[in-house]
Amino acid sequence: MSEALKGKGADNGGTAAGVGGSRSSGSGNGAWQPLIVAFCCNWCSYAGGDLAGTSRLSYPANVRVIRVTCSSRVNPLHVMRAFQRGADGVLIAGCHPGDCHYTSGNYHARRRFSIFARLLEHAGLEPERFQVRWISSSEGDRFAEVMQEMTETIKALGPNERWVDPRWLKIT
Amino acid sequence: MAQDNLNRDQATARIRAAVTQDLLSGRISLLLGWQKGLFWWRSRPLFARSQQDLERLVWDSFCAVNLSRYLPEELSIEERVGILVKGCDARAFHRLLQDRMLDRERVLLYGLPCPGMLDYRLLAEAGVKEAEQMLEEGEELVIQTGGGEERRPRTDFLLEKCRLCPHPDPVVYDQLLLPPGEPWMDPASRFQDLEARERPTPAERYAYWSGELQRCLSCYACRQVCPACSCRECFAEQQEPRWLGKGAGLNENMLFHIIRVYHGAGRCIECGECQRACPVGIPLLELSRRLAKDIEELYGPYEAGMDPEAPPPLLTYRPEDPAAFPEK
Amino acid sequence: MIRYIQESRLEELFRILSRRGPLYLPLAEGPSLSFRPWSEGAPVDLKTVNSTVSAKEIFLPREEAYFCYRRAGRELALEPLEQEAANAVAFGLRACDLRGLEMLDRVFKDQDPPDGLYLRRREQTAIVALACAEPAPYCFCSLFGIDPARAGGADLQAWWHGEGLCLKALTAAGEELLSSAGELLHEGPAGAEEPPRVETGNFGLKLEGLPAGLRERFDDPVWEELYRSCLGCGACTYICPTCYCFDLEDFGHQEKGERYRCWDSCMFREFTLMAGGHNPRPTRKERVRNRFLHKLQYYPERYGEIACTGCGRCLRSCPVDLNIVQVIRALGGESR
């Protein structure tokens, strides 16, 4: 897991090298580039990403993948922390329902993150910024498509301003 | 709300008689109830251990504090605790029972059908400054002001948590001390007010909640009073990892409340103590109720704290569950 | 000389005063009232007695960053951060707020060395006190010898009269505020030379009857009863004008970040939690006892005055109605 998301130590953050910097650098030509954090389940979606890579499929470099044991391992605090540290969009990707390596992890994740997505919506987040998708290990093409689609959606929305910690922007 | 034609003093006397017997016989070693607070419009928790303590017991229109919150700690000291429960205290009891925070056998529940508790702020706005200016007559409130006498429905003056309450009668008790009342809110229509307060765009919703939550003092009264907040160590105080600083930044305030509400999703009994306890008047109950409404829409009817055997919706699943996001 | 301004023209006065720097006024935020920097159209409430959160936050803000650090290799550079408090005006403080400031002054200002952050805000802020026309049911400041209509330590005393505010300068800084308002102000109406006297209730407490011999009552069984209903939240400490506990925290990463001071509350378990896991105030009983002994014994022993101003905020805001009046009564401080 990225240092910045661990939130380890008294500094509330870890090193500057993790999430962040979406506003400062971008792709080099000065244009704003979104930063998307994708929590991918080890057994399906992360493997799907691997397949996308070995199949030489390309997807936007805006996505930073964080490997997790299961989609249900993701804590809503991870999502909030990503937004605080400058993520413009957060994606959780897991096995298709019925295919969970742990039998029922993604069933739990489905309920939890459906409700969490609604909560973020109530609190004022644009719903496109927090998404959940099922991607299997054989769906390298779908992995690339989802990442492409999410990047485009977020680009159209512009930089996220919800829950970004202004102190973090000052020091990255 | 017909209270068997008993006035509050008579009701108090009846309650006192019932619990005195149990306390003196040693059936319970402590009685959790209410006593008069510093002002006529407030009643505070009473921890009674003797007949003398019980003389202070009251049952009036200001017993808003949810007493069940005290049970886990008192049970760590006392052998057997008696507790007066309104509708929300009873559902809070179920909440704690389901969370395995207490031992059913060591609690004696005295049920009190609740007429709804009054909000001093609303009374003061209507010109009531002294207790004598207000007379409760069944479902009406007779208010004496300089301008004369006014009769208003009692429901106009309820705390929001009470106005929205669909279960004023206790859902669990060992003894019901007063006759059951008539609820004023149909459970099926309990979210109607939310639709009227719909804010259509994300920008409006964010503006609203950031406006409300920016004044949060991080005093954690909402958490401390909550019967669903049962973590031994709250994420807000966790040191390793450290999720939340002690600063006053809006983003941290919002993070705290979003996660607090989420932790109560499917478990919140909608007792509204969070909102009543908030010193700066943040309408905290709304977010929790919006989530409860979503849960019903997605995963079927569910009211937390009604049945301790029914699993909270976020602790279970069905393979055919719908999702709030596209699954294909 | 008494000056006078129509209520309808207060907005213009605020506009002028805010040119000097931040102008703090009691602003409505939902049902709550707090001192916040004024801006055009802000919902000012100079009638309600009194603000939900005390005026201490003008001088001891909820959070203030005071230096930033930067590390390059083995070098660590510290840079002080500028404060924004220059030439502020705090408008609408009540007599109890000012008594509260006196209490904070002893802790932060009248020390050697003084607390730089507090001192700067204090010295650069002119204070306009507002007399209470009618005390709230929670008020009991008269018990502490406070006249709600006459505040000590203000630069300017204001009071309602008819459809406007009378203003009376008490210091040179107050005179300056008046002259900056220029033609907005008229000569005060006849018969309004002084704010009308106001007296609050005292809940049957008398200052002489306030707890004596608390030193011997540290282990008194009364604490066993008093703490029970306490929820362990920090509401009372955060709204209180005389609570001043704070914490220092860092925000940042290994190379760069800032240190800030923020409010903390002795009602929280973590307040006294030590690194090794030991907690000298392990339960709410010790924490409740500490909070009230601090008000009634420790502070008076050190500074000669009970650390309560009778503002009534804890009476109004405690979710379970546990407050200092109840504690003083339980300790036998009630006059018969």
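Here are a few things to note about the model shown:
Letters A, B and C name the chains as they come in the text, with residue numbers starting at 1 for each one.
Assume a contact is a pair of C-beta atoms (placed from the backbone, for glycine too) under 8 Å apart; a residue touches a chain by one contact, two chains touch by 3 or more.
It should be emphasised that the depicted structure is a prediction, and the values quoted were computed from it without experimental measurement.
Among the remaining chains, A is positioned farthest from chain B, on the basis of C-alpha centroids.
Of all chains displayed, B has the C-alpha centre closest to the centre of the whole protein C-alpha set.
The interface holding more C-beta pairs in contact, when B-C is weighed against A-C, is B-C. Centres computed as Cα averages put chain A at a distance of 37 Å from chain B.
Separation between the centroids of chain B and chain C, computed from CA atoms only, is 31 Å.
Averaging Cα coordinates per chain places chain A and chain C 44 Å apart. Residue positions 245, 249 of chain B each touch two or more of the other chains.
Looking at chain C, one finds that residues 249, 251 touch two or more other chains.
Listed for chain A are residues 10, 12, 167, each touching two or more other chains.
The part of chain A that touches chain B in the complex is made up of residues 6-10, 12, 76-77, 80-81, 84, 97-98, 104, 107-108, 110-127, 131-134, 162-167. Considering their complex, residues 37-39, 42-45, 47, 65, 69-70, 121, 129, 211-212, 215, 217-221, 223-225, 237, 245-249, 273, 276-277, 279-283 of chain B touch chain C. Touching chain B in their complex are the following residues of chain C: 29-32, 34, 52-53, 61-63, 137, 203, 225, 228-229, 231-235, 237-239, 247, 249, 251, 260, 262-265, 268-270, 315, 317, 319-323, 325-326. Of all residues in chain B, those touching chain A in their complex are 202-210, 235, 240-243, 245, 249, 251-252, 254-255, 258-259, 261-262, 265-266, 287, 290-291, 294-295, 298-299, 313-314, 316-319, 321-327. Per the touch definition, chain C reaches chain A in the complex via residues 65, 249-258.
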